[in-house]
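First chain A sits with chain B, and in the next complex the same chain sits with chain C.
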Partner chain A sequence: MEALTEIFNIGAGRAASSLSSAVASTVKLSVPRIELYQIEDLDIDALGLGHKRLGAVLQSYAGPFDAQAMLLFPEENALEIVRDMLGSTMSIEDLSELEQETMCEVGNIILNACLSAMADVLGVTFEATLPSYSVESLETLLRNSIENPDQPLMLVLNIDMIIEKRNTQGFLAFLLSYPSLDMLMTHIDSFLGKI
Partner chain B sequence: MTSDSTIKTLLITDDSRVSRMMIRSFVRAAQPNWVIVEAESGPAALENIARGAPDFCTMDINMPGMMGTEAVQLIREQYPEIRVAIFSANIQESMQLKAVELGAKFVPKPVTEKTVAQAIEFFLG
Partner chain C sequence: MTSALIPGEERTHLSKMLPQVVNVMSLGLILVDAERTVLLWNNWMRQRCSVAVSEPVGVNLEAVFSDGLPGALGIAIGNALKYGLPSLLSNALHGAVLPLFDHKKGGDHPERIQQSIHVLPLKGDGGERYCVLQISDVSASVVRERKLRAQAETLKEQAFTDGLTGLMNRRHFDERFPLEFRRAKRQQSPLSLVMLDIDFFKAYNDQYGHPNADKVLITVAQTLRATLPQSVEVIARYGGEEFIVVLPDCDDSEAGILGEKLRAAIENMQIPHASSDVAGFVTISVGLVSLTPDAASSEHLMLASVDAALYIAKHKGRNRVSSPARP
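Showing the complex of A and B:
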């Protein structure tokens, strides 16, 4: 798990760098923690996101192992991110109209940055679906995830990406199956064997 | 950056309206004389080019219907004079190598003044 944490740390670092460029602000990272849960047994309070509504970007990745990646921001912060990315001269109406597309773009950039770092370190290649964006409670997101029996595990990269000028927190999580987890660990073992 | 006073045409191809807006905005600031047209997909870009080839083209990769790499391949085969910059959030090394193989410039997203400047430098180089 230590190697997995380090690889995700590299991924989160690249993701933070991309986010920093997008919103023109320093992005700070907390020390990452990897936690693995069975989704149906997950205690939502343990994730530390409370019960507020979240802006969620979802994107599926296929490669040597498959996963669904989730980038989560508190709902009220999503519009702030959109404003930072598009500039403060736009009206609130225009920003709201572009919120969904912009958050898809932000999520696409951040999730791709994270997964690409992992791919490059492990020497593999992923393909990604188009991202989708929705605003839901964490309970609803997880309930929808439980409905997918193919991915019963949630690998939570408990890392806060804090956009300094807004004090906005982002949160990354990955849903995957047992075979995918096994394949991921196999690739990590292979990587460790080479160094 | 010095503005090239010659009128050029740039085709921006991206399924994201936001990305197209941002590329357009930064290019407009750097090259106010350029004509900018847009396409939402690879097939739309190819249709646009068939009506009148632009000088330059930006291309996203992950789009519905046709991947940007396939569109770039077709453009390079049929219109080798068009310079293509691939703008993508997929920054895996494999994708960057693919761009080189296709004779295109790889530019990582997010779209910023700096990354658009990289594309313009390639176009004018």
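Showing the complex of A and C:
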């Protein structure tokens, strides 16, 4: 887990520099904590997201291990991001086509940075779908995402994002199968073995 | 992968048709190889993109544009070629990334096209990487959103403004007053409320007609606004000929002075009003109430008592200021 946290922090650093140049202001990102849950045991309250609606950017990855990635921001945090980046005052349901596209890009930057860091460190490659954006409760998101019950695990990264001194918390969740987790762990072990 | 499933003859046919397909599409398509050499540049791009070379195909993408490759696009292409990761360059964050112009608009100075770009990784049969750029023209959406946003702003303003006088309307007052009341309660500061009404306005309306009555309402509104200190934000048309003012941090004696000032200002306008029983010109009756909100007070009670104060001013002969403190 420590190795993973480190990998994701490398990704967070890359994402922050891309985001900073995209929005022309300072963006800082860090991943202070990673946790692994069984989805069926997942206590949604444990994430501190309550049963609120979330802004979610979704992307699927295939490679040495398959994962469905979800970048989640509580409704008001997603709004803050759009507001800070675009100076928009829309409510989250009313996010226009172009604003949704922006949320997708923000999510895409963060997800790609994490995945590319993983690719560099572990020497693996992925294929991925383009991001999509939706606003749902976590329950609904999980229900929709788990098309195959083969992905009963959720790797949750807590993300701290600071845009122009304003602090926003979000989560990056990877839905994984047991074989995928095993593969991930094998790759990490072999990476650790090399150092 | 898909092409492997197509029988030989049809595959040949398909590969003949593909360049045409690519060229009739109404979006920009660029294909580059792992060295970023351009392999495909479709007609849509040829018609819109200003390039530094006579033929983009065969040239490194970096060299195609006179200002080089925009940074964010370079990173996205790198992610596709190195890691196989797709990216999205949204219009809101990147605007018109590439030098694309709509020659139908803007005459000699064609408009730059607002874009949204997808950067998609591809893998060749031998595992070599390619990257497709798919460029959409979102100019129409950008214009539409800008318009919708401006309209939303206007509607919001209209919804809160009295169309005739330009003061706040009742709805805006109903929203603001509780906020001011709560603030005064929190800070334990005095708050005054002034309600005023044009005397014998119905008679004025009957004698001088609707358009003139409207003019009086406008003049009274302007005079009230001009007489009140700039710091007073909440002044609203409360009803037909009724106005209401919130005076934050203002106690009973200050409110009394201001109320009298408002009354005198209207009287001094000397607007003729032949059917007024109190004067030959337009006057107002003023009710006011001041308090420092405590647990027992509420905004509803305060509104009721200012209404009562106005009634007393009317009852006592109009063209005067009345308050519960100085009946």
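Note that in this section the second predicted complex is superposed on the first by the 161 of 195 C-alpha atoms of A that agree within 3 Å, B and C clash if a C-alpha of one lies under 4 Å from a C-alpha of the other, contacts with A are read in each partner's own complex, and residues count from 1 in each chain.
Keep this in mind: a contact is a pair of C-beta atoms (placed from the backbone, for glycine too) under 8 Å apart; a residue touches a chain by one contact, two chains touch by 3 or more.
Worth saying up front: this structure is predicted, and the values here are computed from it rather than measured.
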item	value
Three-chain arrangement built on chain A, chain B and chain C clash or fit	clash
Partner chain(s) touched by A:Ile10 [first = chain B, second = chain C, both, neither]	neither
A:Ser96 touches, of chain B and chain C: first, second, both or neither?	second
Partner chain(s) touched by A:Val121 [first = chain B, second = chain C, both, neither]	neither
Clash with chain B, by chain C stretch, listed 2-10, 110-118, 200-208 or 308-316	110-118
Residues of chain A at both interfaces, chain B in one complex, chain C in the other	18, 21-22, 85-86, 98, 101-102, 104-105, 108-109, 112, 115-116, 119, 125-126, 128-130
Contact footprint of chain B on chain A as seen in their complex	14, 18, 21-22, 24, 85-86, 98, 101-102, 104-106, 108-109, 112-113, 115-116, 119-120, 125-126, 128-130
Sites on chain C touched by chain A in the complex	71-72, 75, 79, 82-94, 116, 118, 120-121, 138, 141-142, 145, 148
Residues of chain A that touch chain C when the two form their complex	18, 21-23, 85-86, 96-99, 101-102, 104-105, 108-109, 112, 115-116, 119, 125-131
Contact set on chain B toward chain A in their complex	15-19, 21-22, 62-64, 88-95, 108-110, 112, 114-115
